[in-house]
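Before I ask anything, let me first share the structure, which is written out below as structure tokens.
Should a chain be cited, it is by its letter among A, B, C, D and E, assigned in written order, with residues numbered from 1 in that chain.
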Amino acid sequence: MSTLPGAIVNQDEQYLADNARRRKQFSIWFYFLCVAIALISVVILVVLMISIWSQGQSRLTTDLLTRSHSELEIERSGMWPAIMGSLFVCGTCALVALPLGVGTAVFLEEFKPTHKVLRWIHGFVQLNIANLAGVPSIVYGLLGLTVFVYMFNVFGQIRVNESAGLEIMGYKHFYQVLTLEPGHVVFAPQTDPTVRQTTFDEPFQAVDPDGNPIEISIWTPGTPKPTDPEIRRRTVRSGAIGGTITERNWYYFRLPFDKSFLSGGLTLALVILPIIIIAAQESLRGVPSSLREASMGLGATTWQTVRDVSLPAALPGIMTGSILAMGRAIGEAAPILVVMGAAVAKSSGPQHLMDDAVTMPVLIFNWAGRQQDEFKELSAAAIIVLLVVLLLLNSTAIYIRQKVQKAQS
Amino acid sequence: MSLPKALQNREFRSTHAGAFSERLIVISLALCALATVLITVGIIYMLITESTGFFRSEAVTMSGFLTDTEWTALQSKELEQAKFGILPLLSGTFRVTLIAMLIALPLGLVTAIYLSEFASARIRSWLKPTLEIIAGVPTVVLGYFAILVISPSLQMISDGAFSTFNATSAGIAVGILCLPMVCSLSEDAMRAVPRSLREGAYGLGCTPFETSVKVVVPAALSGIISAFLLAFSRAVGETMVVALAAGTLPTMTLDPTQQAQTMTGFIVEMIKSESEYGTVQYYSLYAVAVTLFLITFLMTLCGQIIRRRFQESYQ
Amino acid sequence: GSKSDAPTTTESAAESGSTAAVSNLTGTIKINGSSTVQPIANAVKEEFAKLYPNVNVSVDGKGTGNGFKMFQDKETDISDASRPIKPGEFEACKANGVEFIEIPVAYDGLTIVVHPKNDWVKSMTIEQLQKIFVAGDAAKQWSDVDASWPAEKIEIFSPGTGSGTYDYFREVVIGKSDSSLRNDMNLNEDDNVLVNGVAGNPYAIGFFGVAYYEESKDKLKAVEIVNPKDDKAYLPTPENIASGTYAPFSRPLFIYVSTASLPRAEIATFVSYFLENAPSLCERVGYVRLPDEIMQRAAKNLDEENTGTHYIDGEGNSRSGAVADIYQPENLTK
Amino acid sequence: MSSVTPAIASAENSEALPDQTLIHIEKLNAWYGDFQAIHDLSLEIPKHKVTAFIGPSGCGKSTLLKWINRMNDVVPGARAKGRLTIDDDHDGKRTEIDVLDPNLDVVGLRRKVGIVFQKPNPFPKSIYDNVAFGPRLHMKTTKAELDELVEWSLQKAAVWDEVKDRLHGPALGLSGGQQQRLCIARAIAVGPEVLLMDEPCSALDPSSTLAIEDLIFELRSQYTIVIVTHNMQQASRCSDKTAFFFEGKLIEAGDTELVFTKPKNKQTDDYVRGKFG
Amino acid sequence: MSSVTPAIASAENSEALPDQTLIHIEKLNAWYGDFQAIHDLSLEIPKHKVTAFIGPSGCGKSTLLKWINRMNDVVPGARAKGRLTIDDDHDGKRTEIDVLDPNLDVVGLRRKVGIVFQKPNPFPKSIYDNVAFGPRLHMKTTKAELDELVEWSLQKAAVWDEVKDRLHGPALGLSGGQQQRLCIARAIAVGPEVLLMDEPCSALDPSSTLAIEDLIFELRSQYTIVIVTHNMQQASRCSDKTAFFFEGKLIEAGDTELVFTKPKNKQTDDYVRGKFG
């Protein structure tokens, strides 16, 4: 048995040497192939950046950052409402997705059940999250449309002159009536919310835009019309009809949400929720179990362990994951198009919870598709702004991660 | 040394006082987890209820839906002329996805090998962020990159053989989009391969190439395959790039120079056109969404199964 | 008190020039419908917002047909249209209790465009268009239309089926017959996509409102259309459109205003502002102004709140013809 | 004490008082899922003594240790059957804590039975916060009391002098041996009666090991200490009693000296002579 | 042999032939980045003997081992200075391989110097493919030759009987001890002359340990074996020569019996008696 097998005894030294050289050569070639291919991604990024920069750099003006979309003065169009819109939409998204995602991750990672049935459920939820992570964002858009925008039509549809859904708070209804002074209106408090219009034949008590009460007199056609603008402002024509308008506080809330930024933000929260959960789970998993054991060994309950030990230790990882997820949310356009529509002509950010909004990707989508060269350049400039925002987010994430890596090494 | 006062008192907090709030917290955390289940339930409920509007219609048969080679939901105003065969949309989706995968998989995998096996810490420290930046580029931007840069370049190279909107430029852009994902997931899988295996290989006289290709990659295969599957379902579900660059005409061909409306592209067009809400044509978008959902669901399921079956090797 | 809004119209018309001050008018106005009219509506909205910054006007352009759908469901105050309302839509409005005032705002020339490299097509007749666009034995290649043209595949870009432009084109090309437009066209509600599509393929053809052509003249070539009346070919220039020689694709654009919304001060103010400024603003975005006479009739209709359409007769059949002939008080059907 | 139990009993009565048993283990069986890690184990652990658990890897030492303060609760699939009780002097009244009782107040148990692990595992917080972690959970203390308690614990753990100038510096900045002593300080800060130590020195360098061994020697006057070790020399150096485990069974237990010099069992003899393990 | 080198020399000439040195190490210094892991180390390792490296954790045993077949090449920042040569009999001609030569054919070196690690690390392939892995890389073999080679290696590694019925089953399905023997089979399948073993038994149970120790005993007639171990008993049981390291320095080296019974150095004495480590 101890005789060496033929293969070892009959080794051809020349072959061995050649073979070794050939393999080493091959390995070197492979190394250069790797370098070349790894560089491709860098090249792609550079080409992307250069083509965008060369298109958009001339439009990086303060107008871009402070003004709104304009059809008549294209060259002075800006993206302020879109910046605000993205801020509000993504803010909503973060406010909802972060606690929900981290909560879920904590539950799944730290409260692992020991009972068999519960373990099965646990595995199911885990699988479910993996599946949610793979669901295309456009499907979330459709879900957002049925759930947030229409709410299965449970609260009826939003209709002009008829229904504003189920209004819950933050609103006051008035009749808005034109006075004799052109462009000037007065507001009559609306007592019966179901009446959408009323006719004014007699003098009535109204309020001016600042909320101060004023007496309104009636001018009957045929009698001389007052000429003093002051008086004209306090006078309406007999038979004038007031239509309902609503004064909305920022916390105006009604159901369904319709195409509001809230719907958009909630839908985006659905999109990034699985991403956040998975990232948070991963970083909780990275917390050494010895820390948990130490805390439990001191008599801390599971929740106390989570609160005082696991979560703080996992926080950098959770933050990194969340920031990257937020980057995804900021750039996401498809679900927003489905939920909030593609209109971009908005002159300000959202004024109340139910207000609609434009987001940066949708604005870019619109501008880049337009024919005028100005819009093409503007869209490139807007892309630069968006990329800068993303770059800031990403570098924060990378910074946090590297700091943590350093601290741990 | 005498016992400190705190220990002399032995006034320990009642241990049952926290139990209630503890339970409350656990319940609210459980509710968070429940929410994720509710989302799935919501998706399935929505897809089923809304697509019944399509499948119930007399103009539609299940076999026709699965085998017809024309899809003209957007093109036909009258229901009688509309044809609902999902195959052209599927073919569009798979053309784009195939091209994307042809780009993302080899490039991503080789870059991952480079990052995990060869790159020095310094190169990693800027190459990885670069990839992350690409991963973070909004898809709208990539879509315009496709029609403003990729498509004209293709047309120039091929002397006009490509149409303005075509499967290839969309596929390339989607590939760029998936590349970082393939790369970072495969890299994670390869880094999870214990050092001891690499040492084993080097100890037997392997070159770096042999170590990475013959030992590390096979050992990380489950992770790499699930990365591929994830990238695949991301590509299948990608919307903005194809809506912008792949064209709006469903075609049933293998020609990559032609346009290719994908499933997601159709959904977006239908939503944007709001083509007659409530018509069969409109509801057909939910039928497409069901198909899309099923495909991605199967992908993730496969990925999970592969991960669970083959991953345990190193514990 | 049904006649309510008259004061604003007359008074502001007389005195608005002097009010430079920012108004305290507030409210929300929802507009949807034609993407052809959308540039005009957006332009008006923008100017209006300078005077009335607290009025929130949302303008969307999902196509005339979709616009009317939302209008009859009371989701919008104003519906933009690049064709007159159709009998079916009119009935639906009536059934839902939606009454409206029909206001023409500008002329458009539905422009047929090809790639600038296309040197074989200079002008086209309706028959040639039929060969290309009508389903059935539609021409697959240019050479199927005219043997001297290249044997290359025709790629077609058309507005979506929900759009008025599609309807108008279909009606002109097919008439009242049963056939329909072919269904292997690239359809898109967004006219900009159509422009990009045609501009990217030398063998493409497409059509849309003249404003989108005006914006991208350098990338596209407009096809001269042979007027069936005099057999001469005309380009969609403002003169040809206004004079009606660019026939049969010269068409009016409309807005439809819900009377239920008119008592709201913001709507009344906006609509009268629209009417007043449409002629000048429509030219700025590439359309052609309507004759003063028609604008005055429209103002009168608004003033007197004459609801109904001029394009459908008592029996419920649609009328067709020049706007100057049809937009007459006696044609108004409630 | 049942006669089948190979109890730890002073064979040579070297001390004046007889041992008082604190932890009683009777016929304990423990499983991880389907795998039985402990078989029918009976053992008595004396009060205010150091008891060493020795045995080859995987023989169930850590498992037993972790059942004493129910750390295995969080391991999925871990269960135990048998009796495991700890005597509890409460204002002079003697009661018994039934450790395996599913309704037991685990939090209270773990406060009474502290544990120190193989690898030092300070929390990534300041040194002060590490020691104050337990007291903050369990007690209502004033700032001054807490300060006093932290100092006392660190002094008891023989690490005060080395850290007193950087109490609010990060605990992870300490050396391995200091970290381990910090962990001991953290464990005694909640006033436990029993200290369980699972190979507390195996990750440490020689000098840190010595410091910890000295510390264990110090602490035994006030605490009942159970220490798991792989190092026979360590067991013989610093324990009073030794229990030898093999494949989940208790093979032999008794005075350390006897176990090492005159083991009754062949396996014990082989093991302490280094024939395996 | 220079006089400053504490070389391994048979103090009592128990064997007929004098030791023939195979591996010469002279003034070796090794670094990881700025940290010096080995200081000025000189040592000679005899042919066809088992040499044990002992010493506390972190003393540089593994580092030295890994330099012998240049495994440290792949560790970023690792470098070494000094002389490290291996004698090479080539058709009767004696040459020397300069291990630290940067232009050395590492692939060939590693074929000559096999290594086995602490944790068994079979590739996630079949048993057969594991053993055939090395031969397939280096040699041109027929299927039959390869089969013969695989069987021979597995037999040599004393694991053939246990695996012969499932040669194409997954290697990861074997027990730890079998895996470790498989790794040894894999290492000898390429026909090395030297076998380096870094704590080959520390992850194994007692019976597997015994099997490996027997195997080492068997193999020494054909291979030069270097084994790193923490277990003094193991070193004394299965090695001919022992080298004791401390903090990167070689403290003492010589016949195993002498080192364990009459160490010349105080530190060695302390260590082999278990005072630390």
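The rule is simple: a residue touches a chain if its C-beta (ideal position, glycine included) is under 8 Å from a C-beta of that chain, and two chains touch if they have at least 3 such contacts.
Just so you know, these numbers come straight off a predicted model, no measurement behind them.
A.B. asks: I need the common contact partners of chain C and chain E, sorted by label.
C.D. replies: A, B
A.B. asks: Averaging the CA atoms per chain, pick out the one whose centre lands closest to the mean of every protein CA shown.
C.D. replies: B
A.B. asks: Among the chains in this structure, which pair is joined by the largest number of C-beta pairs in contact?
C.D. replies: Chains joined by the most C-beta contact pairs: A-B.
A.B. asks: Measuring from the mean C-alpha position of chain C to the mean C-alpha position of chain D, what distance in angstrom results?
C.D. replies: Roughly 87 Å separates the two chain centres.
A.B. asks: If you average the CA atoms of chain B and of chain E, how far apart do the two points sit, in angstrom?
C.D. replies: About 48 Å, centre to centre.
A.B. asks: CA centre of chain D versus CA centre of chain E: separation in Å?
C.D. replies: Taking the average C-alpha coordinate of chain D and of chain E, the gap between them is 38 Å.
A.B. asks: Need the CA-centroid distance for the pair chain A / chain E, whole Å please.
C.D. replies: Roughly 60 Å separates the two chain centres.
A.B. asks: Tell me, which residues of chain B touch at least two other chains?
C.D. replies: 205, 207-208, 210, 272 - these are the residues of chain B that touch more than one other chain.
A.B. asks: Identify all positions of chain D at which a residue touches two or more other chains, and write them in rising order.
C.D. replies: If we look for residues of chain D contacting two or more partner chains, we find 107-108, 111, 137-138.
A.B. asks: Of all the residues in chain A, which ones touch at least 2 other chains?
C.D. replies: 20, 23-24, 301-302, 304, 342, 369
A.B. asks: Quick one: which chain pairs are touching?
C.D. replies: Chains touch in the following pairs: A-B, A-C, A-D, A-E, B-C, B-D, B-E, D-E.
A.B. asks: Can you tell me which positions in chain D touch chain E when the two form their complex?
C.D. replies: Per the touch definition, chain D meets chain E at residues 56-58, 205-206, 209-210, 231-234, 273-277.
A.B. asks: Going by the contact rule at the top, pick out the chain A residues touching chain B in the complex.
C.D. replies: For chain A paired with chain B, touching residues are 20, 23-24, 26-27, 30-31, 33-35, 37-38, 40-42, 44-45, 47-48, 51-52, 99-101, 103-104, 106-108, 111, 125, 127-143, 146-147, 270, 273-274, 277, 301-304, 324, 327-328, 330-334, 337-338, 342, 361, 364-365, 368-369, 379, 383, 386-387, 390-391, 393-395, 397-398, 402.
A.B. asks: Give every residue of chain C touching chain A within the complex, in rising order.
C.D. replies: Interface residues on chain C, with respect to chain A: 1, 3-8, 11-12, 15-16, 19, 21, 23-28, 30, 39, 42-43, 45-47, 49, 51-53, 58-61, 73-77, 190, 192-193, 195-196, 212, 215-216, 219, 258, 260-261, 263-269, 281, 284-285.
A.B. asks: Within their complex, state which residues of chain C touch chain B.
C.D. replies: Within the complex, chain C contacts chain B at residues 62-63, 65-66, 69, 135, 155, 160-162, 166, 180, 183-190, 193, 196-197, 199-202.
A.B. asks: For the complex, give me every residue of chain A touching chain E.
C.D. replies: Against chain E, chain A makes touches at 1-2, 4-8, 11-13, 15-17, 19-21, 23-24.
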